[in-house]
Amino acid sequence: MSSVEVRDQQPEPASSLIPTLPGSHYTDPTVFSLEQSRIFRRNWFAAARGADLPTPGSFRNVEVGGEAVLIVRGRDGRLRAFLNVCRHRGARLCVAESGTVGRSIQCPYHAWTYHLDGSLFAAPNLNSMKDVNRDEYGLIKVALREWLGTVWVSLADEPPSFADTVQAAVSTRLGGSDVIDRWGIGELALGKRITYDVRANWKLIVENFMECYHCATIHPELTDVLPEFADGYAAQYYVGHGAEFGAEVAGFTVDGSAGFTTLAGIGENHDRRYYAITINPQAFINLVPDHVIFHRMYPLAVDRTIVECDWLFTQEVVDSGRDLSHSVELFHRVNQQDFDACERCQPSMSSRAYAGGGVLVPSEHHIGEFRDWVVAAISG
Amino acid sequence: MSSVEVRDQQPEPASSLIPTLPGSHYTDPTVFSLEQSRIFRRNWFAAARGADLPTPGSFRNVEVGGEAVLIVRGRDGRLRAFLNVCRHRGARLCVAESGTVGRSIQCPYHAWTYHLDGSLFAAPNLNSMKDVNRDEYGLIKVALREWLGTVWVSLADEPPSFADTVQAAVSTRLGGSDVIDRWGIGELALGKRITYDVRANWKLIVENFMECYHCATIHPELTDVLPEFADGYAAQYYVGHGAEFGAEVAGFTVDGSAGFTTLAGIGENHDRRYYAITINPQAFINLVPDHVIFHRMYPLAVDRTIVECDWLFTQEVVDSGRDLSHSVELFHRVNQQDFDACERCQPSMSSRAYAGGGVLVPSEHHIGEFRDWVVAAISG
Amino acid sequence: MSSVEVRDQQPEPASSLIPTLPGSHYTDPTVFSLEQSRIFRRNWFAAARGADLPTPGSFRNVEVGGEAVLIVRGRDGRLRAFLNVCRHRGARLCVAESGTVGRSIQCPYHAWTYHLDGSLFAAPNLNSMKDVNRDEYGLIKVALREWLGTVWVSLADEPPSFADTVQAAVSTRLGGSDVIDRWGIGELALGKRITYDVRANWKLIVENFMECYHCATIHPELTDVLPEFADGYAAQYYVGHGAEFGAEVAGFTVDGSAGFTTLAGIGENHDRRYYAITINPQAFINLVPDHVIFHRMYPLAVDRTIVECDWLFTQEVVDSGRDLSHSVELFHRVNQQDFDACERCQPSMSSRAYAGGGVLVPSEHHIGEFRDWVVAAISG
């Protein structure tokens, strides 16, 4: 293992076991409602992959913080996001999860029509209505950024600094602000997408993703490929650290067989290693030499979360039609194993045994930072 | 178009766009609960068609304002309505949606037995129970009126004047208190009944029914028959106005083909015209020369409404076995188009884009009267 | 009928009809939540049949008062109960309804491992964690008693006296503290188990079980076997009374045909008789000469209750493979008839007709004791 800095610079807590959030934070609809307004509607949210909207008029519908958000590519090629609600009587403009509109978006109820930049273009009899300022009746805009091939939106009136939140999470984890560029995520192509419907609170999924104390128990395939994971320390525990492949392992695949050519930007430092990044509140990225696994979570209810997981390879690999299944299968199994574990915890969150929360062992202590981040976010 | 009086006598509002109800009125269970108690349990409610209870002992179960109401025809031929709850231990007396009982209604749990007028007739061991005044233990009565072949019930302790509410809504719309008699609705026979289960708040359905600004967009068959609807003004916008059939149109059918013989009472003024009436809170009537379409809404939850729609023709037409489908199909399509639109609006009602409501264009301004009626009713 | 003492020693109430609980007690989730904490988590709860956990490592999962309780037989043969929640991060330890573990219980998430007595045995890296007192992290214990072959648990910190509650209910009903021993319930074997999912509040089921005013109406098979039930007085109305079989009846079977040999302990006093016992809040026992019927209720929601019903015969009868169906069918029909009636009452509980409750006739007056017990319990 290469020399690494310990992530947590603070002195080790006096006790080896520190508390998680109390159980009610995982079961109380009031807490979930606070999280929707103070976490998911205030922060940047990884909403979609940009390449899913390839041409002018391409749209995608996503639920962010309880709001239906419509992402659409304009005639000018730019992506924009709006609340998916007609300003007249509220009909949902596009109901399909994704698709393509023409030069404008027309409400199917009364035919109010909007340009792809959200401005009101036309409505029946509009010209005969006095006093109507059509600038007032454009679609309600949602802030949007593209980075890492991903569309990030923020429902905040004044979104937080993208650099200080999303980008800082990545650079802090990888130990440098341009390290992530080596994977060229924006240029990669979608090899496989799997969507999981998880009957668990979103925070159980984040906490699961952050620690590897469970790896030895539930991830036999993953610990075969990354033997150090059997010790229980997640790669995320150390700044800049990537978990090293086992000596016999040829690639990040379900059976350790060779994967694909190492990505062009990956040097020796990052080859044969696995990196995992959590971007609060709902994106996870896994980096391996030949592909990238990108998770976007969509919390729908206090006990239900959709996770959309993309396996990204070079365009060349995808175009070649080569069999991706050995690569995909490894983390698909990890996902299933993890989500089963989260679903197994969810019902206990309402037990009096968990009223004060559970406990974190030393190799899980960095989950305490997430706990504190959540508490601060919903208190503010 | 014949000369008409403008319905709204007040000066046009300063702005061309006035607000609808705020979104929470369509999504908040507390508001729905208030509506149940202050609207649906206080007003007259179109509960059933009288002819559905043809003989002594015929009954029908309906849910009105959250209460199970049992309508039953007595030995004397009169209809009466009761809460469908045994006075002893609360069992539902009749659970089928409709059917026939014998000379009395017997509770299937402990055999308490009621006359068809609701009075307690017998119970096991009742005679040996001292101090029991059987007058106290009759079924709880619900006020009932028959008009237009329809059974109207009111759960109010002191129901409002039937003349000032239900009948006034009809005469105000038609411009005269006896105009409705020309259609002889009480004598018509049921040709077809279709029940719709709509995943939308009942007020979206009322608002949809009241305006025709959407007709050009979603009702191609209807605007073919009634060309003036393409202009966006509902027949309801004008006192006494009926929308005129297109010049090429032979009847109110899905393809404009001829329907049936004009009803006996319809004179030239009302022939080749379509009239629509909204009776707050939950009945709609459509009048055309050869038939009548009668909608009864049963709001079940803040986001769910059952609509029962009857197509009524002369007894002769129904008995003849003639094909009614061209007539039925027109408004069945209109219903489907409308309810789809309402369901498309429902999810947006909880968006912050609709927190302050949507807007009404001039041809929808009369919906503002309904809005004000609702607000006054639930405040009182 | 043999000479009996009247159970209710108090003077007959002034009115022949006294009130039940108000309707909201059967529909309000807040009341149900109070009942969970103040009735089901404070009292002794008949959770399982002991013989269902035959060997060391056998376990059974039950929901008691909203908590998942894990009952497990130890290496020492003793039964113990715990909250089914890992002390680390809360995963449910065993998810199957029943099964067998090995020498210990291992959490499937992070492999924390508990002895069958609940103490923490091992956890990955535990030895390297300083300051961790493993005594603090044993499973949370639930009080447990075995009696009548039944596992009774109590979630109370200080459970009530078992003798003064469970055992007193039985001896008060049978008129002596050792009468129940004659049936040797602990030695009987399970002949048949049927589980019912009843869409009704648990109190409707208790009230139904306590009275026989409904027997003539809904239980034709039962009143054929026990003719006195046609008069409406439940056996429970009288201390020590058992309802006598009809003169032509050979056994407690669906058609009155002979059952099996009378149990060894049953003397003339108890032969050819049926006894019914209600043990608050959720166990019912029926005693007949040749078998015992034991009901355990599991209230899951304000309007949903699971009832698990065991038919118990001598081991010899069960081992013989003889046809039990005539015996089982009688009370299975009674159960179905009763639960249908309860489900028929549930929807009326929210009617304004039941806002103040229903009424109890004289033969139901002992239900008033249950009503008062519930009110006192949830008030305290």
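Letters are used for the chains, namely A, B and C, taken in the order the chains are written, and counting of residues starts over at 1 for each.
Throughout what follows, contacts are C-beta pairs under 8 Å (C-beta built on N, C-alpha and C of every residue); 3 or more make two chains touch, one makes a residue touch a chain.
By chain, with names taken from UniProt: A, B, C = (2Fe-2S) ferredoxin.
Note that this is a predicted model, so its numbers are computed, not measured.
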Among line, ring, star, complete and other, which one matches the pattern of chain touches? complete
Interface residue identity across copies chain A, chain B - same or different by half: different
Expressed as a multiple of 5 degrees between 0 and 180, the CA superposition of chain B onto chain C rotates by 120
Taking each chain's centre as the mean of its CA atoms, chain A sits from chain B at a distance in Å of 48
Chain A touches which residues of chain B in the complex? 14-17, 20, 23, 207, 213-214, 216-218, 232, 341, 344-345, 347-354, 358-359, 361-363
Hey, which residues of chain C end up touching chain A in the complex? 66-68, 83-92, 95, 108-111, 123-126, 128-132, 137, 140
